[in-house]
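The block underneath contains the structure these notes are about, expressed in structure tokens.
Going by the order they are written in, the chains are A, B, C, D and E; count residues from 1 in each one.
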């Protein structure tokens, strides 16, 4: 692999295999079987065996699921309205309590609590969820697992709601694992192809690593607080800490362990590698689970237990660092992806990194703000990408697209909105949420300046890869094979959600404008709304480090810088790529190693395979063969062998000769006599 | 002999105490007469059974008779003796029943066979009841001489004769050892009465006495076949006619143990062991080594009879552990109770197993593991009985053998010989290794040989098998049957 | 006779050991039987020596246990000889030999 | 006749009846067996429902004198036929009774030869297992304990796979070796305390001197550890499972292994608290090691049945660890996890049996994509796997969580290692699921597989229901163990205090004292 | 004088016993055994056991040894020297070493025990004048204290007769071998 051209050829083959093999094959099982094979070079042909099934009773799945979501959304709205009407002092209300597990010392009770934080989450989950349900009806039409899909999807929403509504950390964990399960099932939804099942397994196991850490965290909390009730923990933490400063260290570990769990679920370094693979699932799943909701559960957890994290500035800095690094690594990776969903996936990881960066500064409400806006525009982008894939007959490689704006205008326009929001073009939702975060980071000073620098760099890259994607997909020459098919616009059931989400992506910034906008209009709905939840943490933080407020001039400068960078890099990218894929090819030609390094997300996944997965596999085989088979079982069988071989030796005594037998008798008799006399 | 002397010797109690012995001796003569007198040959079997029944009646009656020494110190009657006698009689009965229709060319000597068996039984009773060394020695010879002959009973077969000769040569050697030992003990103590010896204290630990006891114990070890006095066992068991083997494996062993218990003071008024205390660990280790040797020996056998012979050695080792514990057992009659139960179960188990072998042999020659394959399909009841015997021999509850094992190891534990007990129980694992081999062959492997000989219906053997199996199960479920009579 | 008892015992022990050695060494069944007789005689000698010793210790009151035992031993010796020789005859009939080397077919 | 005696003897009676049916009357034999087991199941569940969890006393006690054992100094120890239930055994009774008919129903598919014999052994097995859990007399317990060896021996040996003879003898001898050492312990204990009554023994055992306690503790523990099987003594299990017929595997995994953990709880811990406290770190390390080691073993398997067998080693490591944490949570989790393992692993073995009956191979590489042709099978298999990996909402999670929580309270570092089992468990079970159910249908034979039939679904339904029930409302089950476990924990704490007050401090000073907040 | 006889006879008995073991010809063994028995009888006599001495000669020499001789003659073994080819060779080899070790150990322990006897204090009193085993007391004891063994021995003798009959009877026609067994 010395020769650059050779390397490139190999790489291209690989990319092709990946793009094709990992193609999201959408609904077109029977009708486009020939084309499916064209990209299905891994030899998976199983899925073609099934003709599209008759809708039958399965056809009911869609209306039922959507109706359920609709009811759920309406109820959520009602709950939020009720919550809002309760006033400043009653910040939550609760369902009846279910005594789940009696541990003998304390009882783990579960109830559904809605407070200001969960109300935001609930709205996002049911709202975005509803739209995605509607969208899926069109996207999944004709799939043999149609009904199963909606069952899983509804189950997911149930688990996600359980996660955000549960009053107890363990109840939260039920949802936490529940969404993991649904994620596993949905990633592997097209299991006949093989690798989606593998991707699902990878996601589950990676999540489990985080969950193990989560469990330890929960044990520590039980040890410290004697309960798993979230509001009890959050409420009593400050008091307890004041009474017993020595628990700081234990709190640190508890927080660290829970953060470990969050890393798994929210795809942070070092556990982020499952999320790009999770794109094996149907695209609506990617939108709902792997962009808008589930992956933000980690953010939710940290905000939910914000005093625990706020109690320790070092922990916060650690979280911020992890977030920033994740944002940066994933951002660089997204720069060179060819698979449209992969770009979005790495972008999601990167944006999640932003959220953790926000958490790291103690800006809990900013994290939730970005969570919300990200849910809108990333869902929009994924659904848009889904629409593209759908229209392109499950082609995901952007190098084989181009000029699609001509064929799918609605998709194009909404996608454009999403891209603008993601890249932080001024006055769109992403602009506000991202700059709020960067502003907070800058305000912390000290080591945070470094993180801020990384954040700015990432913002630049975000703008770059977003517009590269737009340009490659919707502009430039048509690189697909027009003889075989004609890209087409998606049905209304798919475009309608796109439009609604586009609206949200544009307007989402209104949830919370930067403080400097006070001169014009004071809109800090979200921050105020969340204040009862985040106050405890903020107060703790201020005790340690004092408040950090930015001067207005600085803030203006930062805002301007953000806008400038976004616009600048968006422009550059768009111009470089609107004419075709030459720039990409140049990149890969110029320094294939670096390109490949970026393409493979800094080789982290490979490193895991090499350093963890393979050794574990080898170790398991070694244990089974050497330790178990040879040593332990060898001991057991050896005992049997020893018995047999000593039996063979004993056998020689029985020579059949009377004299020998007599000799033995005489000998032992004499021995007994001697011993008796000796021991007299 | 004056009438006074006769009256003094033969009191009613003494007569009851000696009743089994007398019955057996008389029975032996009557059977012999039936052979000689013309037209009475058909009486042989009823006479034998009657004799056993009469002796058994005497023994059972003996449970109520007062314990004590009779015949001026030759014979000691105890309830344990009655129990031992019952065991001997059962052993003889089982061997006799399985011996029906076993012999072919030797059939004309069947009356002699029965006479020898009854005489041998008389010898056993004498051994168990012996109160002095002389009475024991005579009992021993009365037991042995007929058995030598019975072992060589199929005199046209060289292996039978070899078995008889081997048994005889080594038996005579052991008898010589016993005699020399008895002489040394007598020299040291001035008495041949065991009762008298038991109170002698330090005299019993003089070198002369110790050497004597070593020789006596050596000869007893030969009879009960413990390591390394067991080497004859597989050879002789293999060569001897199988019903005789059953008899040897159960009865002879029981008699040897009965006398060992006497030497351990269990049947003496003083209750004190005659054998020196320092022998405890020696005997204990011999017991454990015996278990090992027996079980290991059995492990590699393919001939079932030889395997059972070695297994018998291992069982002797187990039983010897109770003897070894006798010095320090806090339960005065612990060893006696344990061994009686053990033997009671063993008589039916080993008797039944050997008996089944005899039955199968008469159908198709030698019984090997190979020939057992698929037995459960051919002869389900027979296989089931054999499985019961094997599991009981292995000491699996709820079968009789388990409680025997439990009681014996209880003795060892009470005597604080826990290491020996642990090693001992672990030897059972090896034992199960080969008992299971039999079950595996019968139940889990397909038939590999042709069995053309067909089934020989033998009512006596079938009944005996059934009864043995049932008793083995019953002893396991309701050990109180026996235990309460011993307690 | 004023030989100390221990000397008589010693003699008996010697005879017993020689008999035992013969039992181990010889291969002719009949000779081996004779060796057993030798051992029995050693036992008898011991019985009588012990009897004599105890008689002396009891102040010349005869201790009859020894002689009685000895008589029984002689009877038993005869019995064993008879049975043993009968077995030898049976063996000879089967194998035309009286060598113990040929009596080792039954073995492991 | 009272219900507990009936529980023990009804199956035996059934066995006797079956034994006297003609050999060819297979339907009759199956019918009688099923009826008997259903009756036992009904009685057993009734007994569990009647059980009062707020009392630590033995309930439904049956006490019939049996015989007396000589016990030194001319005294004798009466041995009784004494049965009873308390919080430690109630769940096991329920589980055993429940699994009976299920196992019976599963035999339709794979026991086609020598049906009569199998039914007899199955019934005897049921008797023996119920006896083990019910016996309140040490001797009686031991008798039942060993009896259970025999039926399984035959079930493995006659109806097992190719290497069944090796496996069956290994199983028998290995576990027997442990039992026999325990026998010496039983004898010694009874001799020392002059009683065989478990209640009295539990009361008096602490009066023994500590060396003796320790020895007897280990004599018992060895037998139980082998049966469990704990880590270095486990090698018989994969072999036995692999070769056993489905029903044998289900019994083995479902109930038989629990006899070991139950024994540890009832005898080792409850009788010898001081020795148990000293042994606790070793036991917990064994447990944690078992969790990880079993998982690694499972990862390396190609035979799905063997994989599940190895997973048993891992799962029972949890139980071992939980029991020896001596915390409320740990003990509860341990007791509950015994049931959980019985259900989920039982379910897995049933499923593997069903697919084996169709395809006659258990090699993972012979499958793939089964989910497409056997969706019901896939559903149940996934459920079983999820229950086994401890997904919240299913039974496995509650047990595992309580165990890990309890262990963490007592030995944080050991528990920390054990938590990794959560990861490894997911790895090997999901791997098996993927290789079995997912991917393309590459083997032509698999395309014609028929999905589960009504019988097969029906026999699994009760288990699945219980999985969810325990997952969502474990208190139904935990509450029955309350009083007994409270009493036990109290006893352990008192013992710990006494040990700490003694001359030498126990090595387990790290054990925390739980605040009693109830 | 009596002492001298004892030691002489003791030496004779030992030498004769060695002869039994070492003789090549079984006939020689019998003769050596006879010598040994006579020597022992003499020792019995000087030790005060005249009855036993007489029995020794009568039964042993008169009956048992004759029986041996009879069998040797019957089976025509006297010439079959090949049965034990080299008598001296049997004193070599492993088996011989073990033999000497074990027989030596038996001898050693017995000798040690015998020598450990503490002689009765003072001068030995004289033996009873009419010997220790006077016939009348012997008979009295035999028929009272030892009646049971005595009776049982009779049963044993009967059994022996039967045994010899079973073992030695020729398949066709009676073989008059069996009376030898009962000739006590």
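We adopt the following convention: contacts are C-beta pairs under 8 Å (C-beta built on N, C-alpha and C of every residue); 3 or more make two chains touch, one makes a residue touch a chain.
In this text, all values refer to a predicted model and were calculated from it rather than measured experimentally.
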Neighbouring chains shared between chain A and chain C, ordered by label: B, E
Chain pair with the greatest number of C-beta contact pairs: C-E
Farthest-lying chain, centroid of Cα atoms versus that of chain E: A
CA centroid of chain D to CA centroid of chain E, Å: 70
Separation of chain B from chain C, taking each centre as the mean of its C-alpha atoms, in whole Å: 26
Averaged-CA centre spacing for the pair chain E and chain B, given as whole angstrom: 30
Inter-centroid spacing, chain E versus chain A (mean Cα positions, whole Å): 102
Multi-chain contact sites of chain A, meaning residues that touch two or more partners: 640, 651, 653-654, 656, 658-660, 662-663, 666-667, 669-670, 673, 677
Per-residue multi-chain contacts in chain B, two or more chains: 134, 137-138, 141, 145, 148-149, 152, 155-156, 164-166, 169, 173, 177, 180, 184, 187, 207-208, 210-211, 214, 234-235, 297, 300, 433
Two or more partner chains touched - positions in chain C: 5, 9, 12, 16, 19-20, 23-25, 27, 32-33, 44, 49, 53, 57, 63, 66, 68, 72, 76, 79, 83, 87-88, 90, 100, 103, 105-108
All pairs of touching chains, each written as two labels joined by a dash: A-B, A-C, A-D, A-E, B-C, B-D, B-E, C-E
Complex interface listing, chain E residues touching chain A: 95, 98-99, 101-103, 105-106, 109, 112-113
In the complex, chain B residues that touch chain D: 329-334, 337-338, 391, 396-398, 402, 406-407, 409-410, 413-414, 418, 421-422, 425-426, 428-429, 432-433, 436, 439-440, 443-445, 478-480, 483-484, 487
Residues of chain B that touch chain E when the two form their complex: 1, 5, 9, 18, 21, 25, 28-29, 32, 71-75, 109, 112-113, 115-116, 119-120, 122-123, 126, 134-135, 137-139, 141-142, 145-146, 148-149, 152-153, 155-156, 164, 180, 184, 187-188, 206-208, 210-212, 214
Partner chain D, residues of chain A touching it in the complex: 44-47, 49-50, 99-106, 170, 173-174, 176-178, 181, 184, 188, 191-194, 197-198, 201, 204-205, 208-209, 211-212, 215-216, 218-219, 222-223, 226, 616-617, 619-621, 623-625, 628, 632-633, 636, 640
Residues of chain D defined as touching chain A within the complex: 170, 173-174, 232, 234-236, 293, 296-297, 299-301, 327-329, 331-332, 369, 371-372, 386, 391-393, 397-398, 401-402, 404-406, 408-409, 412, 415-416, 419-420, 422-423, 426-427, 430-431, 434, 437-442, 472-475, 478-479, 482, 485-486, 489, 514-518
